Every structure is written in structure tokens, then in C-alpha cells.
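What follows is a set of notes on a single structure, which appears directly below.
Labels run A, B, C and D following the written order; every chain starts at residue 1.
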Amino acid sequence: MKLEELFNAVRARGEGAHMAHVYYGDPCEDFSIKLIETLAENGADIIEFGIPFSDPIADGAIFQAACERALKAGVTPAKCIEGIKKLRDRGLKTPVILTTYFNIVYNMGLVNFLNKAKDAGVQGVLIPDLPIEEAQPLLELTRKLGLHLILQVAPTTSRERLSRILAEASGFIYLIGLEGVTGSKFRSKKTTATLIEKVKAETNIPVMVGFGISKREHAETLIAAGADGVVVGSAYARIYAVNITNPFERLSEIARLAREIKLGCIRGQKIKLNVSL
Amino acid sequence: MKLEELFNAVRARGEGAHMAHVYYGDPCEDFSIKLIETLAENGADIIEFGIPFSDPIADGAIFQAACERALKAGVTPAKCIEGIKKLRDRGLKTPVILTTYFNIVYNMGLVNFLNKAKDAGVQGVLIPDLPIEEAQPLLELTRKLGLHLILQVAPTTSRERLSRILAEASGFIYLIGLEGVTGSKFRSKKTTATLIEKVKAETNIPVMVGFGISKREHAETLIAAGADGVVVGSAYARIYAVNITNPFERLSEIARLAREIKLGCIRGQKIKLNVSL
Amino acid sequence: MKGRFGIYGGQYVSEILMHALIELEEAFEKIYPSQEFQGEFQELLRNYAGRPTPLYYARNFSTLVGFKVYLKREDMVCGGSHKLNNALGQALLAKKMGKKRLITETAAGQHGLATVMAGNICELKTEIFMGVKDIQRQAANVKKMKLLGAKIKPVKIGAGVLKDAVSETLREWAACSRTTHYLMGSTVGPHPFPIIVATFQGVIGREIREQILEKEGRLPDAIVACGSGGSNALGAFKAFIEEENVRLYFVEGGGESLESENSAAAFQLGRPGVLHGSLMQVMQDPYGQIKPSKTRSAGLNYPGRGPEISYLCEIGRIKACYSFDNEVFDAVKVMARTEGLIPALETAHAIAYVLNHREEFSPGDIVVINYSGRGDKDMETILRYFYEA
Amino acid sequence: MKGRFGIYGGQYVSEILMHALIELEEAFEKIYPSQEFQGEFQELLRNYAGRPTPLYYARNFSTLVGFKVYLKREDMVCGGSHKLNNALGQALLAKKMGKKRLITETAAGQHGLATVMAGNICELKTEIFMGVKDIQRQAANVKKMKLLGAKIKPVKIGAGVLKDAVSETLREWAACSRTTHYLMGSTVGPHPFPIIVATFQGVIGREIREQILEKEGRLPDAIVACGSGGSNALGAFKAFIEEENVRLYFVEGGGESLESENSAAAFQLGRPGVLHGSLMQVMQDPYGQIKPSKTRSAGLNYPGRGPEISYLCEIGRIKACYSFDNEVFDAVKVMARTEGLIPALETAHAIAYVLNHREEFSPGDIVVINYSGRGDKDMETILRYFYEA
């Protein structure tokens, strides 16, 4: 499914969107496959599929550990892309955003990376260490291939740069809701709401808010504040990480959280639309 | 006995003179008394009576240890002078040279120190860290009191200073036979013989050679080379030091060495005088 | 392109940090040339850091190698290495920018120490990120930093070494960049850090130039410097880049050997890649995962080479060299015996190169070794090598 | 009288050594002023030792105490203390005299290190006498000296501390004075040592004078220096002795307390006496036996005060002061926090005095602390005090 269609469908259902972020291969590929399917079946509208990197500077402790475990288990970028293919073969319809740090992309070669991603059934690409200043080559290539390069904005983004980013944005805007890294403690600050408003005022493409979201209420608040959806990542990894020798046992708990988050997305959207709950 | 008389008598007997150096109070006063008497009875013509000092910079390891033990045992300069009195009371006739470092003298006051020494029956005073440059006050005071200030010369003494020292010398000259400290290994060097010759050529007062002498042959060689006598110190202390908990047991061995040294003094004198042995 | 050296450099960071980099760049451009800043900074360099540092003609060492060797005495900078040149500059800049706090990372502790010293002078709080392994290995420096008032943040992730500490400091910075300055310790990281650090360290080469002209009436034939990020080397080289007749040697940590996994020689074993915000020569596996480096010299134990050094080596202006650990220890001893100086293990890489490649220099040559630091911090390692091996 | 300062000074040594003292005096008078010597010596001071050292205005520390404090940065001398000023001078002198070898003694190791550094530069063999207790306490410095090529001679006699090591070095000198120079480390010992050492250290005060005039346009109101033998203090003071308005403070090691046997405050607890060749203020028992001193600061742990310092205190030109161990550790921390500098424990005595006697200075005062050395050598002691107590 295309991202546009997805957002239209979600909106049509009166919901906010829910993107679930996963680092593939942690602690093994089989689990990641199951995890992604579980998330997709329990309310995740988009899968943010992470290729583990040795030095994930935008990620907090939970995702760092996830990357470390995955790499130790022998996952490679090629295996990750294989994983997406496998998911598609197994019937996954959910849009997939392929996330990784720039060195992985640079190492594979930009064109090669994007071609492989597209072949595997990816809708968009997100590179958290690729600000707009460095994104030009990838913007051009993704456009050519019909892929979205998901750009981020943050509370520290200046008005000037915001315009520049929004002008290039495609698919959706990833709005970093706090100053920090993934997995930080959620802070519902006025600045986040203000930023959502600012972005929404300047663009029509959907706005997904991420970083620190781990509860239904978080999703609800943010979407009520104007966001089109939320991203949840570390909150899922945290659940299975405590039982890392047998993470499968935690899938049901993860499913429960995914449903909760989705519920928050729905309720938030209702509040935003002023529909009585 | 006056020093002049002693040297006249020794010379008259065709002997070299033997001065035995002892640090008083090591390891206890009783032993020192016995030691001095033993030496005097076994061939020591003069007693060099040392007041222990905490930092005896002209002394080697054996005498340093002796000073340390004596101080630990509680000996004081006053007790040392008492010790000389006691020896005199017990009948010691041998001339006594009172040796100590300058700080002990300075601390008691020069006049006080000399008066007490004289009262106790001392013939001369030797301060190893008082070169001629610093000796003027003590030279005057000893002269006034009829005491000898024993001056030292060394292989490193320049011709000029030698003359200056000999001009002030009294009692005898203490010729340091080597470059080093008391208790050094004996080295019979040409320089020592040359120095003895040089000194003898310039003065009539007796020349006693010290430092490193521990055997009959040492005494013999030096006196044959022109010296009027020798000084033996560490060699005696070395004997009782190995049996420090009961040094009295070593007195007979010390007596034996004293007789040996004296024998060397006699043989050396014979060689010097070209008398067949 | 701004912040680029050939293909190298750039600003590969989270969007959150971009404002801080832009703010820093603008502040640097505005504040650094100002009379006020220069007045205070030069005063600190002179009277606190002890600049200019001497250019010492090492007579005995020269006799040994057969050509004239001068040592640029960065070991004489307060704290014992060139690190303070940069720390003072950035701390003062941060203060003028209104920042309240400094964060940074350190491996051997030299840069951490320089940062807390500069922080105290500028009345800024200091927080130092340090891998848990490095904390163990450099226990003395850790306590020293604490005594100076720094907060030490142990970094447990990864291998618990410098690379991980840099990542963690970048993460912390994302959370506090409005009030806090990340005092980058070498010519690495996203633009404008490589330029700022090289500017502050450039004083080394400017002094060398002046001093060698005064002493010899001509420029040197070669300058040899050790490095990982490249700050002391670039500092020494920059004033000579245009001087084609001055050969420049950059000596990295060969570690135990190039064959094994026991090396930090990124120019030999790496290829272009992105780490910590910048495209540079970096050690990585076939998939682009950054590889940990290994050398006994903590200050060279980083898998990346700063963008400018990467570029200058690529175009052949600088010769990329390396020394092995055992050569380095021997060089320490040679310097100790000939000149009474115990160099830092990092510095000893440059010395070792000169000792072991005498054929690259002619009898008439004038060679400057950038003597980047003193060995006090490495004494335990050095003594263990010589007296327990 | 030559070599006398009032009653103090002189040459109380064995006749064996007189020739060496006379030879040294003559050589010093002839060689020291020569152009050849001055040329080489000034070159070494500048480019090896790192002179002139800065006069640093300690802004934060000044704010704390309420008057202007400058630090004369002898910690910036190569090796970390003022000791090298003298060691270089004497080593060069010894070389010109044709000596082949240097001997000396050391407690903390600072002077021993300076001596072997200077010896290596001048290609003279070095032998360092050190009390067995000090060898234990300063294990790191011992190995450092060995690495530099010095022979270490353990001194077992007495308490196995500095006083005993000096005695033992004098004894060794008696055996080898024709070929060997005793490189006396402070303004103690028989004439001409106190004069030679004070001359070589005098550069400190000459620089202070020039620097403070440049910075403040006037002389300081006070100079504060720590000391035992007195070399850094005299070095700082000498250029100001005739300046009646410059108050001079000499701070000795108070140790734990003046009441107990735990002190090194010879001006408080001593009286005139003869030790190691010279009449001076010295700690002794009622019978004239020298008493061991005690302080946590190895460099101040000597029971005697050099003859010139003894005299200048006696006539009231210098005020004799002291700081206690606990005040000293606190001063280390204050300096670390305000100025990012960790002083040597010796130096911290001077700092502590200023901190604890602010009432002796007025708000308009300019005070120079002679910052004689850095605290690297004392880190273990300092850290143990703060983090294990």
C-alpha cells in the first residue's frame, strides 16, 4: 500500500496513524518477523524497519542495545532487506519505512541501497543522521524511484529551516517531539504542540510525532494537538528486552501495547475532530 | 699523659702509634667503658672517643649504625663526658681525643664544651666537619685551654691549604688516607704515601693516618711510608656489631686485633727506621 | 562546499542538533575574530596555557638520527598536551555564547582534563563522558577530573571505549544543546567542529613557522606529527600546507600489527564512511559497521580520521604513516635517554617514525616533530612494558 | 664573610671535600658569567625548560580572597617544578668543569628527575640517592628516573628519608669529588651551594619583577612562597629584598600540628645549628641531635632552612609562616575548583597561607604566589585524602 493511501484510509476511519519502529534481527531474524507481523496485526499502520548500525547516535539505550544484539547475532543490511521481502512474501501489506544511519547507505551505494529497498517493497526511507543540508542526493534519487525520503523536524528547528525541510518533504514529516534520543522519557511540552501547529500550518503532508511515546495517553495527547500519527519504538523493544532469551513470550504483551497505542490514536483523532468520545 | 709525651714515649720504644676510635654508648655505656679499657690494654696508645651524632657525614655505614644505636640507647654528650671521667677514675692513663661533629659542640657552646672536655681529662678535640676555614674560634679557645685541636688533611688538600693547616696544627695531624668515609675499603695508594711525605716534609708534629685501616699490614705499610701512627675505628666496631646483643663476648677478638694493629705499628716503624725485623 | 574537504566532512547529525551547529558556526565567525575574544584568549594562551611553547633543538637526538630534529614542545602546555589550546578556545567561545555547561568525552583523560580546566577558568560546569573500560584504565585521570570538579558519566554501551563515549555525548547534546556546548576534542565531528578545532590548534604551526625562521632562517624540510582525529597534526601542518617543499608526515597508531584486528591505522585499514557526524576515513566492516580500533595509546584509539586530514592524505599532500606499539615503547626510551624527556605514547608514534625511517631524511634536513604531549599519563603502561615484561 | 649570611652558612664539611667546594666556587665565578655558558644556559632555559614562565592573574581565586593574586607559574617548567632551573645550571656548569657524573639526593623525586633530565642533556651519568622509605612512597618517580637512565641508590640508614639521603650523598661525594659533581637541589649545604642555587633560581624573581611591572605598572605588595631549603622562595624573593614595600612570606610545612612531633616547621621549632655543611635554622633535640621533620609534603620534609632564608627571617625581612596538612589539602581543592590547577603539596602551603590569612592583605593589594610546582606527583596522596578518608 502506498503511504498516501494509508493515510487516507486511516483518516477516513477517523483514526490517527501508528508507526511502529523495530530494529531488525534483535535478537534474531525469526523474532523480528514475528514481532513486525504482531505489530501490524495489532494496530501498527506503518512499520519503521530499522537496519541496525554500530553507532546509532540518535537512539537511546534501548535501541542501542537492540542494535548491538542484532549485529552480534550476525544481521547485515542485505539480510534486513531480505527480511522485508520475506515479510511481503508472507503477506505483510503494511507500508514499510526503511530506517538506518547514513553510513550503511553510503557503504552500499545510494542507488544500490534504494533499488534494493524498493525491490523489497519499501515505501520510504528515513536516515536520522541526514539533515536537509546533506539530503540532496538522496532526495533526488528517491524521487526518481518513487520512494519517499522521510525528513525530520525538531523543536530546535528554526523557522527558516523548517520551511526548507517542508518544501522537500514527502510521504510524511517525522516530528521529533522532544530534545533527546529515542526512548527518552515522554514530556508533553507546549513546544511540541506549538511545533505541530507550526508544521501543520505550512504543509499538507501528514505529521507523525516520535520519541518518547510509550503510552496510549501520549498518542492521544499528541494527535489531539494536531499530529496525524505517532511513532512508537523503544516502548516495544523494552518489553521483549527484559526477556531476551525468549522474546516470543512477550509478543502478547507487545500486541496489547500496540492496541493501546492505536486506541490512543483513535481517541486523539476524535478529540482533534471534536467528536465526542 | 700529654700527647707530646705519648709520642715521645712511643717513638722511644721504636713503635708507631695506634689510635683506636670508639663511639661511646654503643650499644651501652658499660660496654664502651670495657671496650676502651680493652683497647688501651691491648695496644691502643690513644683513644679517639666519639660522641655520637645523628648525622655523621664523614662516617661510613659501621659508625653510622654505631651512632644510631648509641643515640637510641639514650647516650648524650654530657653522659659521654661523664664516661671519660669514669674511665679516668678507673685508672685510664691513655690520652683521649674527643671527637664529635660540630653541631654537638655548637649546641653546648664552644667554651662550655671545651671546659667540660678538659675537666674530664681530654687531651685534644677533633671535629671532622670543621675544616680550617671554620676552625678559627675553636683554635683560639683550645690554645687558651691547653687543648689540642686535631686538624685533618686529605689527598684532595691543596698545597696551599696544607701549609695553612699545618701552620695551625697541634698535637698531631690526622691524615685521611683515602677519599671516602670511615670504614671504607683500605687502598694503599701512592697518593697516600706521597701525602705523608709532603706533610712530614713540612711539619714536625706527628702524623696519624686514618680511614679504612683494619689489618696489621695496613698499619705496617703506612708507618713504613712515613706515618707516625694509624687510626683504627670501624674495624673494631665491626667485630662487636655482629653480636650486638652481647658485644662483651667479642672483646677478646677485639683485643686480638688491637694487638695485631700494634704489631703492625711496631713493624712499620722498624721498616721506616731501616732496622732489620 | 562549506564544511567539506573534498568528499570529506559534512554534518551527519540528527535534526535536533542542526540548530546548535548553525549557532556555533555563526558564533565562531562573529566572536572569534572580535577584539574582546582575542584579547582574553591570547591572554589565557600566554599566561594560563603557557604559549608560545618552545621549539627545542634536540641536539643529542639529532646526533643519533643524523639530521637536525626540533621538537615543538606542546608537552609544555598546561596539562601536558596540545589539548588545552582548543579547550580554552571553545570554553571561552561557549561562555560568550551564553552557554552554562560543557560536555565532552575523553579516552585517556587528557582532553577531559583540558576541558574541566578551561571550564573552571570560564566558570562553566563540566560533564565528561568516558567509556567504562577507559574509566578503569585511566583511574587516576578520572579522579583528577573529579578533584577539578567535573562530573564523570560512565558509558557502558558498545565496547565502553572512546567511540562509544562520543556517541553518548552526541546523544546527551541532543537533549541539552540550548544551554550546553559540546567541546569537541579533535578535528572530527560535524562541521563546524573540524574547522574550529583546527583554527584553535593552528597556533602550533604559526609558532613553528616563526620560530624556525628565527632559528634557521628557513622553513623545515619535514614536519612529523602523530594523530587520530588529527588536531595536533593539523595544528602543526596548517601553516605549511601551501609550502610544497615542506613534507608532512601523519603517524597513526599501528597497534600490534596491520594483519590482526589489533590496529588503529585507519588510513591503512579504513575507507571513507560516516561516523559521528562527518564523512571521513574510518575503519569499518564490509557492511559499514564501524570497527573498534586497537592500540596501547589511548589518545590514538579512534577508528576515524578527521575530514581535513582524510582529504590531505588522499590528495597526497600529507604522507599517512604508522608506528607499531613496540616501536613506540622503544622510542619513549630513546627520547628519555637522549633528551631527558618522556613523551606521551601518542607523541612517541611520531618519534618512532623518525627513528625507524631515517632513510627518508637527508643529513641536511631540518625535521620538526610535533611533540604533542608528555608521558606522565602513560607512566604506568610504559613502566609495565619495560619492567614487568 | 664569604658564604655567610649573618651567623648562618659556612662550610662544615670533611677536609676531603674542601677542594671540591673551592673548585666549584672558582668555576662558578669564572664560568657562570661567561658568554659561552650564558648562551647555552639561556637557550636551555628558554627552549628546554620553557622559560620565561607565565605570571598568571588568577581571576577566580582573586575574587574568592578579595585581592589580586598572581601565580608565578613554575609548575610550567619542564618536569613540573622550579627544580630544573637549578639542575640545568649546575649540570651545564659540571660539564664545563669536566665532570663526568652527577650525584644528588631526592625525596619526592622532583629534584632527582630534574637532575637526570639535565644530566641526559649534558651527557653526564646520574646517580640518585634516596631513602628507602621515600623509594617506597614515590615508587612511580623512582621508575621514571630509572627509565631516564638514572642509577638509584637506596639509603637504608637513619629513618631512610631525605636527611639521611643527603648525608649519604655527601659521603659518596667524598669518594669521587674529582670526577663527580654533587648537584645540590636547594639553597642548603656548604658554601658555595646556597649561593649557586639561589643564583640559578633567581630567574624567578627577575621575571616576576619584569612581568608585574608590565602588567600592573608597579611592584607587588607581597610575595608568598613555600619552602624548606628555600630555593624557590629565595629565587622569587631575591629581586625584591631591597624593596622595603614588598612583603615576603615564607611558608614552611606545619605538618599535623606544632605541638606534636608531626611538623617540619623549623622556624617555629628549630634553632641555629649545623647540618649538612652549613649553619642554619634546624630542628634538633636539646643535645644538638638533628630531629626528623614530618609533613605529608615530601619536598618540605627537611629539618633545616637554608642559611640565607634563615638570616632573612631572623632579621625580619621575611616573615616565617606555616600551613598545616589539612589546610594544605583544602587549598589544593580550592585552586583546582577556581583555576583548574592542581598544585604540588609544597606549593599548596603558600596557597593555604593566603587563603587562611586574608586579613593580612588589603583589597588593593597585589599578591604574587610563587606557584612552585604541579601536583601530578602528589595525586595519589591527594586522592587518598579526599576519596578514602
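Here is the rule we go by: a residue touches a chain if its C-beta (ideal position, glycine included) is under 8 Å from a C-beta of that chain, and two chains touch if they have at least 3 such contacts.
The structure displayed is predicted, hence computed values, not measured ones.
Engineer: Say we pretend chain D isn't there, which chains still hang together?
Structural biologist: A, C | B
Engineer: Using the touch definition from the top, list the chains contacting both chain B and chain D.
Structural biologist: none
Engineer: Quick check for the class: compute each chain's Cα centroid; which one is farthest from the centroid of chain C?
Structural biologist: Centroid comparison gives B as the farthest chain from chain C.
Engineer: When the C-alpha atoms of chain C and chain D are each averaged to a single point, how far apart are the two points in Å?
Structural biologist: Chain C and chain D have C-alpha centres separated by 35 Å.
Engineer: Express in whole angstrom the distance between the two chain centres, defined as the mean CA positions of chain B and chain C.
Structural biologist: Roughly 67 Å, centre to centre.
Engineer: What graph shape do the protein chains here make by touch: line, ring, star, complete or other?
Structural biologist: If you draw each chain as a dot and join those that touch, you get an open line.
Engineer: Quick one: which chain pairs are touching?
Structural biologist: A-C, B-D, C-D
Engineer: Spell out the residues on chain B that touch chain D in their complex, using ranges where they run on.
Structural biologist: Touch list, chain B to chain D: 53-61, 64-65, 68, 71, 76-78, 101-104, 106-108, 128-131, 133-134, 151-158, 161, 165, 176, 179-181, 184.
Engineer: Which residues of chain C touch chain A in the complex?
Structural biologist: Residues in contact with chain A: 10-20, 22, 157-158, 163-164, 167, 170-171, 174-178, 272-277, 279, 284, 287-290.
Engineer: Show me the residue ranges of chain D that touch chain C in the complex, using the header's touch definition.
Structural biologist: Per the touch definition, chain D meets chain C at residues 46-48, 50, 53-57, 60, 73, 75-76, 78, 116-121, 123, 140, 143-144, 146-149, 332-333, 336-342, 376, 379-380, 382-383, 386-387.
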